[in-house]
Amino acid sequence: MELAYGHPKSLKPVQSKYCPGCGHGVIHRLIAEVIDELALQERSVITNPVGCSIWADLYFDFDSVQPAHGRTPAASTGVKRMLPDHLVICYQGDGDLAAIGTAEIIHAANRGEKFTTIFVNNAIYGMTGGQMAPTTLVGQKATTAPEGRDPAEAGMGYPIRVCELLATLGGTKYLARGAVNNAANVRKTKQYIKKAFEAQMRGEGFTMVEVLSPCPTNWQMQPVEAEEWLEKNMIPFYPLGEIKNELGGAETKEAAK
Amino acid sequence: MELAYGHPKSLKPVQSKYCPGCGHGVIHRLIAEVIDELALQERSVITNPVGCSIWADLYFDFDSVQPAHGRTPAASTGVKRMLPDHLVICYQGDGDLAAIGTAEIIHAANRGEKFTTIFVNNAIYGMTGGQMAPTTLVGQKATTAPEGRDPAEAGMGYPIRVCELLATLGGTKYLARGAVNNAANVRKTKQYIKKAFEAQMRGEGFTMVEVLSPCPTNWQMQPVEAEEWLEKNMIPFYPLGEIKNELGGAETKEAAK
Amino acid sequence: MPDDKRLMKGNEAIGEAAIRAGCRAYFGYPITPQNELTAYMAKHMLARKRTFIQAESEVSAINMVYGAAATGARSMTSSSSPGISLKQEGISYACGADLPMVIVNVARSGPGLGGISPSQGDYFQSTRGGGHGDYYHLVLAPKSVQEAADLTYEAFDLADRWRMPVMILADGLIGQMMEGVVLPPERDLASLPRKGWAAGHQADTHRPNNHVTSINLVPAELEALNRKRFARYDEIKSSELRFEEVNVEKADLVFVAYGTSARVCLGAMEAAKRAGLELGLFRPISLWPFPHARLAELAAKGKRFLSVEMSMGQMVEDVRLAVEGKAPVDFYGRCGGVVPTEEEVLAEARRLLGK
Amino acid sequence: MPDDKRLMKGNEAIGEAAIRAGCRAYFGYPITPQNELTAYMAKHMLARKRTFIQAESEVSAINMVYGAAATGARSMTSSSSPGISLKQEGISYACGADLPMVIVNVARSGPGLGGISPSQGDYFQSTRGGGHGDYYHLVLAPKSVQEAADLTYEAFDLADRWRMPVMILADGLIGQMMEGVVLPPERDLASLPRKGWAAGHQADTHRPNNHVTSINLVPAELEALNRKRFARYDEIKSSELRFEEVNVEKADLVFVAYGTSARVCLGAMEAAKRAGLELGLFRPISLWPFPHARLAELAAKGKRFLSVEMSMGQMVEDVRLAVEGKAPVDFYGRCGGVVPTEEEVLAEARRLLGK
Amino acid sequence: MTEKTFIAGFGGQGVISLGQLWVYCAMKEGLEVTFFPFYGAEKRGGVARASVIVSDREIASPLVTSPDSSVVMNIDSLPICEEIARPGSAFLVNSSLVKADPKRKDLKVIKIPCNELAESIGDVKIANMVMMGALSKVTGAVKLDKLEAVLRSFFPEAKHKFIPMNMKAIEAGRAAI
Amino acid sequence: MTEKTFIAGFGGQGVISLGQLWVYCAMKEGLEVTFFPFYGAEKRGGVARASVIVSDREIASPLVTSPDSSVVMNIDSLPICEEIARPGSAFLVNSSLVKADPKRKDLKVIKIPCNELAESIGDVKIANMVMMGALSKVTGAVKLDKLEAVLRSFFPEAKHKFIPMNMKAIEAGRAAI
Amino acid sequence: MANKGKPQIDRERCKGCLLCVRACPTKVLAASGEPNSWGYYPSEAVAPDKCIACGNCYTVCPDVAITVYKL
Amino acid sequence: MANKGKPQIDRERCKGCLLCVRACPTKVLAASGEPNSWGYYPSEAVAPDKCIACGNCYTVCPDVAITVYKL
């Protein structure tokens, strides 16, 4: 009996505090798998954000730095500049990255900081209990959008496509959007993460993988239902794939879909 | 003898503190002219930013609100929501808008706030004495980029094209880029401002006119030289024209250039 | 029970009181333990067609309030400790521009991210100006849901009267707790005071331009403006002092405590009374202005004081400043989100009294 | 004149001293009156292939420092008052995560945008924690360009020793003024202390993971962490007090002043001496910890105090807390960017002494 | 009369609504009330706690640190409640889930098989209401005579059909004492 | 010896470099020095001021509020300097631009046509150096004997060719007294 | 597709989200009727023979509760 | 182009940037040799006859120092 799929080394064998069916767990595992594959466990630092993934430092089996809400890319900038030969993972939720930390991500990306942002887009604020995120879809309900996100009368704005926004910046070299709604997309997401980490270690510039991820709790759905909702609602609005790939070497480009 | 070109009513007849040849003066005059033409003098509020244009409230002959550095769009949001039938002008420099205030402009724009940002892009920090701005060109010198802006080794990032960045957002309806380097461009810029103000008063959504503007002092040039530098260096990088026009009514679209 | 007594969380009662006080605009960013307040405002402000914006950050929220307040509209923001830190520049600006607004801090434990449990560790920040420059603003500390509602309601009037931000400093327990509350009457927006200094509506009166600003690069002029503001502070110090005294006359030892820790002290006092011991409570309600003079009077009467706080010792400095060595001042504090128990507070009082 | 005495602006001397102390990373955002410091670092850090970043904001800058400091690298930021307000959340985080770093505030006049002239109006913010939660950090106030350089140099050592931010609180005059300065020797980066708690370089020792964080949602645990930090504060209070005394023994009236206002007092003292009047100066150099005990001693000796500040009265509270009513404490302040003159300070002293 | 109750249970067990309904009814009966919930860090799961006080006088500290009555809804809550219960106080245990006995001998332990009773009425989710019935009977502090009206304003219209079932659960709780 | 000098002039007149060079030379001559500039709000134009102190002892306040010598480079600076000059102090006026006389009669007014002298040497821009020469002669506080070396490190290489002209200006200033 | 495999589910680690059930192409998995000690009803292999070791279940599991072996 | 015009420059308002000189298509303007009271050398109409009232000078002037009349 040969082990085909098992627990990655860079992830601790502990029970997480994430809710049942939460995408953070899958994304954690993918990161850990890639770090194992690249043999970087002792040369990795994660900056884990304020948000549900504040717990990330309990699960990843390597060093971590926990900065203020939204300032994760600023802290990652400090970490990476001081540790240029380390893999630095800037893990961010959509509140952290696309709301309070908008300036930080845009400027870190524009400076071409050589860390990788893993952007968990669950279209809601998880930790604080279901407020509207910048990525919340139009009409989607949230505690701060009780009748659903309304860009018109209430002036709540439109969901922001972060990859597309960052693609306009000179410093961004690799921007991809994956999802963890099914096995195929999880696998593809892992490939994006791997490419991004490899590019980071080659020092190419700013890399980011956005991951569409369910938050069953705050979407008020069962986990399976949440996967379906993500497929039906998020993926059409947030197209999957490599949104920008300016990595050196044509072989790294994704085959046209 | 008939008056052909004279001082607009909405601008006070006082000597400004701006340096000789500074673009702020021209831009002020254009705003005042348009307000006169739209007969909005007593229904206008400007939020003047921290930056050389902190003085704007000494020159414009209508109400003003002076907020913290970079938070001009946030303050404008507050003003406009409370005074929906007023013309609200969010005047911003490139440090104010594209550095410290990145989150504020992106989210105000994305919410489709119904004010108009006048974005004075002089590729430098004026008031504080010549530091690098997010819009500083590659190689351009600044006190904080003593050998010129260097995106590569020093990781200073690339000049940001703000109109193009904001164009990706759902709430933006009109984004145009003008310049005040010669009479023709000044006139075109005025037309952009007029369109934006009219659209604001119709309540269409977020409107912005970016204006390429000389800062002879911090560019360390004579004013005429500064105009030439702007023509030769800024305009090629920051294309002029209407970058996004989703205003209602086809007649408002700019004739193709 | 009055018919209109409602069972509400502190956070919700603050929201409802603000709406009734004529709050026309709310700007906030989510943070525990005040999320119910933001959610309440989302629901009820939008339903009333007033302005509710979930801002992109606390920094943005306070500056939105700045803009709205500059037009004379009653407006507010709320947050909890880390978010309030982010608002410090904005608060300093609001004080510099003399803008009325209401700021609610439902404080949690720090420093840094800390925890989400109740704390009184933001006393210094609130009362000494966590922002830059010389300024103060009213700080009111409720001890109950009812008082949270009442003080919030009044805060809007005070802000307008004194042209300054008024902060409601409530800890997480006050925000999260449910109690019965009778809400103040709904204000007619049209009845609210007009503000001659505000931006906008120039067409109505053709008045000269209004400029809302805090800049002045001429030192002598800026100093004059500051001194004028401090003259106003002096008036406030004499007219807006609020505090509550319980059993201070009989007591040998007087607790000094506000908000939740005052409630705990009340419990300890009841237990003490059952044990035949008389303790008193001096509860500042206005933390700025702080009722120094009254404390000094009590000190002169030979009282000793025990400052009980959910912090490592902050308000106790004001007690010491008031008492000026004329009576013993002790401190008992818990922090990190721990709320002291009646039992431990009583034990500390006994220890000090040797009883 | 020592051969290596250089004429420098305070801002530049601070920058050069930081570089010599082994600062590996500087992150800042332009603001008057400290722009020369940022410009100096741009030029000289980049030339040495160290990290210089003009951050997109002060908020970002302090969090970049947070990241760099978390790896154990000596790092710093600088700003002036409004920018320091924006850093308050970050400073609270740094204190909560026990991170060494150096923060320079070349203070200007407030509140709000205020002016760009020198001020000491940020004393409360610096010494009482303008951020949320219970915390303190060292605050050092230079009175000259030489001392600015020396204290900055030392600040990096202190930060490492005590694992906390150290703030250099200089007003705009110290930053803008030129004086002769002899700079401390350049530190070899390799000689700097290793930090076992820092993130990174795990591969070198295969040690257990390091986590730099300030969160703890279990109140009792968070309280324990805070108390441990406060125990460290107590050590600092006994070992890191710095102050200077001039002529306090002979004097009837002792000025208490720091930074620029202390220089002004020295001038007033010289003039007083010429007029046959003995005045003294007590100059706190460490504003936190504040030398309360020594002031109390002087009070016990029957001295009276005049706190002279470029503010509406902030440090005077520490003087009062120290003196506890045992001696008269008066206050003389200018604000808005006005620097008091020797003449007016002397006049005030005379008035108080009735001479 | 002052009755301080401490309630603890698993996240989804209705601990919070038990406490809220309790004080709501008490308020309708003219009493002063406080209710203070405390959650752990987990979004789901973990122990949820509530301090609940009803009194005919003004209430001092809303924190219950020495409860007159304790409600133990699941096994994880047992040690938490045992630690603070006032000697001699009522200690109501949901015996459906809590099979162990408290170690302390100075408590008035009352076992109610809330889950079984609730299931027998029709839904395990109303186990908390069974417990509330028992609490009312044991303490006498809140009569619950206004509960039906309270439930009407507590629940949205669509759920009013469940009110009779809830009332039955209360009765079952009372009867179980 | 302590010499407190207050210098004021138009933005572009070299007021700042006058003060800096003055203290630089003084430092080289072994004196303690302080130099504190103060600008108005304007980027260009407006009055620039500098407090300059040289002394053989530690210097107390760097702010000159009662100057031993004042330097008035343009007409706008005249009232500013007059307001604070110490009675009996030296009051050096650039008579090329300041045609009016000070109103105060208790000052030792010395008029130097700096612009004319500078122009005659070759460049109006060195009017400030003419004034510095005069200041040295009048006060005796700074000998300026190390000025040439100082200028060498003050100016970039490319501008060293202007040093002789600067030295001439100093001499002209001295000679004008 | 000739692969044969065996999924092994850590009952205590599993939170019963059942995403693996949805992901399994051959319907090997289903919810168990017995709660684990957290009160969750974990997934279990109800038709272990059908497993083709595709790893889908492992891949979608947010709690790394599944190990898959190749037989 | 048959227009005839007249530029009028407020010497005290002018900061001598000379952008108007550059903008004028018919070379009406040039720097004056006499400084104004701010020390600036203002622009002046050296060839007023050539003015065609195009308004370019007014349009580029940052200090609104120019008024243009149609004759």
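For reference, chains read A, B, C, D, E, F, G and H in written order, and residue numbers begin at 1 within each chain.
Criterion: a contact is a pair of C-beta atoms (placed from the backbone, for glycine too) under 8 Å apart; a residue touches a chain by one contact, two chains touch by 3 or more.
Keep in mind it's a predicted model, so treat the numbers as computed, not measured.
Counting steps between touching chains, the shortest path from chain C to chain E takes 1. When C-beta pairs in contact are tallied for each pair of chains, C-D comes out on top.
In this assembly, E is the chain whose CA centroid lies farthest from the centroid of chain B. Taking each chain's centre as the mean of its C-alpha atoms, chain E lies 86 Å from chain H. If each chain is reduced to the centroid of its CA atoms, chain B and chain F end up 41 Å from each other.
Each chain gets one centre point, the mean of its Cα atoms, and the points for chain G and chain H are 84 Å apart. Across the assembly, chain A contributes residues 18-20, 54, 66, 68, 81, 99-100, 102-103, 106-107, 111, 127, 134, 155-156 that each touch 2 or more other chains. Residue numbers of chain E whose C-beta contacts span two or more other chains: 41. Those residues of chain C in touch with two or more other chains are numbered 53, 56-57, 59, 82, 89, 93, 97, 112-113, 117, 213-215, 217.
For chain A in complex with chain D, the touching residues are 42-43, 45, 47, 54, 57, 61-68, 71, 74-83, 86, 103-104, 106-107, 111. The part of chain D that touches chain B in the complex is made up of residues 29-32, 35, 38-39, 42-43, 46, 52-54, 56-58, 82, 112-113.
On the chain D side of its complex with chain F, the touching residues are 1, 5, 7, 117, 173, 176-180, 260, 263-264, 266-267, 269-270, 339, 341-343. Of all residues in chain A, only 81, 99-103, 106-107, 110-113, 134, 151, 155-161, 164-165, 168-171 touch chain B in the complex they form.
Per the touch definition, chain F reaches chain D in the complex via residues 20, 23-24, 27-30, 32-38, 59-63, 65-66.
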